[in-house]
Amino acid sequence: MKILQVDDLRTYFFTSHGAVKAVDGVNFDIEKREVFGLVGESGSGKTLTALSILRLIPESARLESGKVLFNGEDMITADNDRLRSIRGAKISIVFQEPSTALNPVFTIGYQMTEAVLAHRPIGKKKARDIAINYLGKVHIPQPEKVFGDYPHQISGGAKQRVMIAMALMNSPELVILDEPTTALDVTIQAGILDLLDEILEKEKVSMLFISHDFGIISRMCDRVAVMRKGRIVEEGQTDRIINSPREPYTMSLLESVKALL
Amino acid sequence: MKRLFKDKIALASLCFIAVILAFALFAPLIATYNPTSIDVRSVLSPPSHHHILGTDTLGRDIFSRIVYGSRISLSIGFIAVGIAVLIGIFFGSVAGYYGGKIDSMIMRLVDIMLCFPTFFLILAVIALLEPSIFNIMAVIGMTSWMGVARLIRAEVLTLKERDYVSASRVMGGSDAWIIWKHLIPNAIGPVMVNATLGVGGAILVESALSFLGIGVQPPTPSWGNILMDGKSTLGVAWWLTIFPGIFILLTVLAYNLLGDRLRDMLEPRIKG
Amino acid sequence: MIRYIAKRLAGFVPVFFGITLISFFVIHLAPGKPTDIQTSLNPKVSYEARMRLERLYGLDKPLHVQYFDWLRRFVVFDFGRSYVDDRPVRAKIAERIPITLLINILSLILIFAIGIPLGIISAVRRGSFMDRLTTVFSFIGFSTPEFWLALLLMSFFSITLNWLPISGIKSLDFEYFSAAGKVLDVAKHLVLPVCISAFGGIAGISRYMRSSMVGVIHQDYIRTARAKGLNERQVIYKHALKNALLPVITIIGLAIPGLIGGSVIFESIFAIPGMGRLFYESVMARDYATIMGVLSIGAMLTLLGNLLADIAYSYADPRIRVSGER
């Protein structure tokens, strides 16, 4: 059962120097309960692909053409209300940079309950319980206190855990993670990856995992697609790609990480 | 630079400023009358063939007075800003370069100066000295250097950290010279923006002073003191009020627009 | 937050001294040499006036003694007696301050009430007709000489239309009005001055607010807000706005000296008995004692305003109000 089907997606930037084809005909599918990886260098278009799925692209970009079918429904042509009901509820996303992803003038608790109440009008108290529950699930110590804290009061790793908690609170079907550990210390990275493993075991989610790091990809993903300059160059089971890559570009990418794998 | 000329608004502003500059430089050729000659017969006459913009309470031709007035307004604007920029560069570079106590003291001075209602200060000083054109330029300059000082200080501080400064140092250049050499190309942009906007501001201050009677003294024409008559003839001679004011407005507007466009061009484009 | 405020307060002390020093310096610019060239506006300072100055400021004593005397008197606001009517300067200022403060506060309220929404709309509908219109108005707003605007409006509203009174703050038959009538009367007199005073400020604030908003809208946390499924109104008016408003608070601090200084102009034009007009009158009359008094008080008011703005900011920004990482 395919939960996500991306069909010839094209997202272009329009600058004074002409159009930049950042996502130029991308095709892939994600099966239910699968962890699908998107790997490539900076600028390959992987982040923009992820943002295109939820139509969160920057102002200077435009979804030029293509389809993104979520459980058969096209996200590209869905109306705004439908899109909003899906964002943060059926499909959620964790961004790369935790330090800027949270609004500095609202408490963590406020931002979390907001995410719940946007989709389920169950009242503040119940929303608070859910939030604290999930803060616990992501192993945040003293969840009640953190609930009332402001983002600047907790560490980067903790912030990313909060983001993950927020992404899970509404029991989404698909979680997109855009380089979730890149901005964190190496020592903290492992902790986050362990947490994600745990979540995959306990919750019934599918994941789209984006990274430039083949090492992380090999640990987390069942299947992976290699992106280069807006296009997918090669795709397949992670083991196969890593052990017998077919494309020269994939091979060169792997070369640089060989020692670590 | 080229982009500046492509921008329609900047271009329009530059053209207007050029016109006013022409007024100032070629005043005797453009003005239709001697700005100070009194003609009792045509006191307070509305715009006509003889006097394009009318005459004032002493029969002086307003158009000519405005043309000559441009000299005053522009020169005060330029020189006052020049003084402000010089003072600002001095304080800013000293503060940034030496750092520590000297830096704190200078920044403290900036804070203090910013606390004084500038206009009050200028009025007080002019009142205590005499309202000569030079005094006006000097005082306006001495009360508007703070912005430039902060800019320059920031630039110097950034430069101190830069690698090429330490590299040059290794090769034997003196600190001050290096910083100076790198400072100018980097700082010139923001300083130009500040200066352009400053000219507009200086013109406003000078005209306000002249309007109150504490600026340029009649019979020397200044756009501000022409308006002084406007106050007493309010319901009667609209041309005395409207025309000088429009010139002030348009000139200051031109400088403000120019400065704003310059600033936009200096800002690195937000990457799409 | 307390620590932040304490630090800022500590920072204000040297500024206070600096103000006293600069005012002190300004006093010494007063011409005193009997050989001064006489111009129509700078009458030769007579022997008597010079003597008064000397008595007031002790100009014959050594400089540091003079300064401490000045400082001592500054702290109790003793600025001597006015040359014009020999009343204590302190009293003259005290009776004028309320009006100036009233006008300035009303002006500030108007500036924020109109300027901020304009800035927000401009930012949210960037490039639209509304945005461009607002931008045009802003530029014209801060390029217009206030006194000219005053003259124009005065001529239009007071003379041509006769809707609003020309000058002063009360009509001649003020005493006969009912309480409500009195309020209305004062209000009518204040409309033009407040509007004119606010004009430039509105222009400035709307531009500033616009760029603040635009800066905030591009932040990551706004993307997060959308990703959570919040609707546009929540995203803009809750998440973006609160962040964009913060720096605007500090602008109040910067706007105050401008407002106080500007009061000279329109108080003179509208014959309003405020501090600005007092200053102008003293300048024309070379009443040095009052000049120094108003200048110093003006600076202190600005200092106070900045302090209030600082405190307000430290309360509003959680990053300052609540201390950092645990």
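Chains: A, B and C, in written order; residue numbering restarts at 1 for each.
Just so it is clear, a contact is a pair of C-beta atoms (placed from the backbone, for glycine too) under 8 Å apart; a residue touches a chain by one contact, two chains touch by 3 or more.
No experiment lies behind these values; they were computed from the predicted model shown.
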Averaging each chain's C-alpha atoms to get its centre, pick out the one most distant from chain B.
-> A
Mind naming the chain pair that shares the most C-beta pairs in contact?
-> B-C
Which integer distance in Å separates the CA centroid of chain A from that of chain C?
-> 51
Inter-centroid spacing, chain C versus chain B (mean Cα positions, whole Å) = 22
Give every residue of chain C touching chain A within the complex, in rising order.
-> 219-221, 223-231, 234, 239, 242-243, 246, 317-319, 322, 324-326
Touching residues on chain A, where the partner in the complex is chain C = 54, 56, 84-89, 92-93, 95, 97, 100-107, 114-115, 118-119, 149-150, 152-155, 163, 166
Mind listing the chain C positions that touch chain B in their complex?
-> 11, 14-15, 18-19, 22, 26, 29-31, 39-42, 139-140, 142-148, 151-152, 154-155, 159-160, 218, 254, 257-258, 260-262, 264-265, 268-269, 279-280, 283-284, 286, 288, 291-292, 294-295, 298-299, 302-303, 306
Given the complex with chain C, which residues does chain B contribute to the contact?
-> 108-109, 111-121, 123-125, 127-131, 200, 204, 207-208, 211-214, 217, 224, 227, 230-231, 234-235, 238, 241-242, 245, 248-249, 252-253, 256-257, 260, 270
